[in-house]
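Let me begin by presenting the structure, written as structure tokens, before commenting on it.
The first chain written gets the first letter, and so on, giving A, B, C and D; residue counts start at 1 in each chain.
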Amino acid sequence: MSKLYFRYGAMNSGKSTALLQVAHNFEERDQAVLLVKPAIDTKGNRQVVSRLGVSREVDVLLNKTDSLRQAVTDALSTRDRGLAPVTAVLIDEAQFLTPHQVDEALEVAIFEEIPVLAYGIRTDFQTRSFAGSQRLMEIAHTLEEMKTICRCGRKAIFNARVGDSGRIKEGAQVMIDGEHARYEALCAKCFLSD
Amino acid sequence: MSKLYFRYGAMNSGKSTALLQVAHNFEERDQAVLLVKPAIDTKGNRQVVSRLGVSREVDVLLNKTDSLRQAVTDALSTRDRGLAPVTAVLIDEAQFLTPHQVDEALEVAIFEEIPVLAYGIRTDFQTRSFAGSQRLMEIAHTLEEMKTICRCGRKAIFNARVGDSGRIKEGAQVMIDGEHARYEALCAKCFLSD
Amino acid sequence: MSKLYFRYGAMNSGKSTALLQVAHNFEERDQAVLLVKPAIDTKGNRQVVSRLGVSREVDVLLNKTDSLRQAVTDALSTRDRGLAPVTAVLIDEAQFLTPHQVDEALEVAIFEEIPVLAYGIRTDFQTRSFAGSQRLMEIAHTLEEMKTICRCGRKAIFNARVGDSGRIKEGAQVMIDGEHARYEALCAKCFLSD
Amino acid sequence: MSKLYFRYGAMNSGKSTALLQVAHNFEERDQAVLLVKPAIDTKGNRQVVSRLGVSREVDVLLNKTDSLRQAVTDALSTRDRGLAPVTAVLIDEAQFLTPHQVDEALEVAIFEEIPVLAYGIRTDFQTRSFAGSQRLMEIAHTLEEMKTICRCGRKAIFNARVGDSGRIKEGAQVMIDGEHARYEALCAKCFLSD
């Protein structure tokens, strides 16, 4: 049976690089993947952008009211993907999926028999989960951490929002990196002590 | 630095056995543990009960308004625990902690430098997280799955509620095992197909 | 496809308890397990003994020249196990398997479609692997660590041999716990500094 | 305490990409890394080469008689690395380390307090470990699998050697990819059935 994986990590832990590597691994074996990204993330628009310098256009930009299962079914039936069938669905910025889309991701895995690998961050700048990451934490078959480090050397697990005048602790949940603020992945101690 | 661990698993995955084994491991090395259980679980009252036949009384039965950090501090300062200091906090049925108590568990780990090992289930009979497990999923340093199997042989990840007349899909989130219903750990496919 | 799992840990990390819990989990779901132990371990003879106080007789005591695959096949065909087919093979003290028996364990998993869960220690008192654990490390589908702690509080990964006059650093690889020496699980730092 | 990590995976599982991403993660936080590669791998000479298209020169090309600990100490004391101290050692193709160099890697972690992340393959084309990977499997604090897929869709765990006339089952342990043969990562079933 195929599975729904949630590979979660703090900001800048290398999630997009890992996703692009997995896409490459499948395609080297002549197996096609379907790259999906929720539309809310305006960083790079239709691109999955790795900080290592690699990028790639997604196949499906998913709006909040779109059906993930339909998008997968459409890709299976109508798109010309050469000889290779879609053998995996890879989702970037999966924290921005709706809970319903996460439920669909599970259905794709268990009823369509296509593994779904969702990459995303666990929590926002106030340590609260996003709607998509909460649902993924609830129902994914496997939770796998993508590790990165804090400035102090410990494992970073939280995402601090930092503006021109320093740490920002109040505000909207979603503020894309680089627009009016940036993010710094911190360990719990640095996050709570700052 | 000490960490907050969430060891989650479906019903009957052996969480209480694992907790009692860890307590034993610490005590064999002359290190004391503090056993904590939220008061909501009336099964066994003050006992951690393993289905293998081992049981043990908890040190702290925690009500919803109790402070976990205070309970740990009290244990460190006032209880006569012989020569051994408390070197770990073990929490059974951790899904029933309040979010605030989970925040305190993180504080105990990073500010008191005492590791906290929380054992609990991830989701209820409708695949929704409990208040405690949601918060643990958000802020625990490490998420570790306790595996068990479905009747079909696959890994069980969900908890079905079953009454005398079969599967129950609506009702209160908390209904203690054995009182008016029992639980069966199922894989996603059996859970959704049933 | 079924898998070969190697769940390894230092001495006294709770491997036998975990194995007995897994056996219980299968049997609660009316699925039979086959308990196997290499004959070299004279501790408890035919018993799997948990330090928590639970024990159970093994189904197969395997000599070095015995075929694991044959033992499994025999169990499948000739033993009266009631209605329940063998759905998992559980191996205690798996470090004492021969490399050939480990190869057979992999064959049982992939050709007989029966998962094999092997529990054992990784290395001897000189940090060298046993023949069985080396082979398991090479070919198991999944390596899962059973954690325990050192006297200093860190994770223990090595097994020190201790006699009446202190640490023993030379000698035969196999000396059963309690006969002429005992073992203490230590972290790398305590092990190398002592 | 710092740790020795062995991140192992089959050929083409993305180990070099992951290593380069980790280097990037450290350096973004103004923490320097020391990149090490055993000299035996002639692929790319002094380069760590990722199949995603990213590459980078190593800091230390380690011969079999070289001391890893000395190389790290030299880097700490004499190299002008600007203001950033070396905060991690990253080793590519770690299966080619000598057992002694792996012992030194553990010493660097526990006595120099610098984490060592070793990336390498677990076994050769005959499912036997390399000298370096065997020792890493014995003493690393943490074993982490880098997953990739077989042509059949299952998880690949073995490395088949393939020549112009098909599968090669006998020969020297080391034959660098692309020179006289190539490698294909396979699952256990495809590997053993072929």
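As a working rule, a contact is a pair of C-beta atoms (placed from the backbone, for glycine too) under 8 Å apart; a residue touches a chain by one contact, two chains touch by 3 or more.
Because the structure is predicted, anything quoted here is derived from the model rather than measured.
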Chain separated most widely from chain D, comparing mean CA positions: B
Between chain B and chain A, distance of the C-alpha-averaged centres to the nearest whole Å: 29
Centre-of-Cα separation between chain D and chain B, whole angstrom: 38
Per-residue multi-chain contacts in chain A, two or more chains: none
Category of the chain touch graph - line, ring, star, complete, other: ring
List of chain D residues in touch with chain A within their complex: 12-14, 17-18, 20-22, 24-26, 28-31, 51-54, 87, 148-151, 153
Chain C-facing residues of chain D, complex: 1, 4, 106-107, 109-111, 122-123, 127-129, 134, 137-139, 141-143, 145, 154-155, 157-158, 187-189, 192
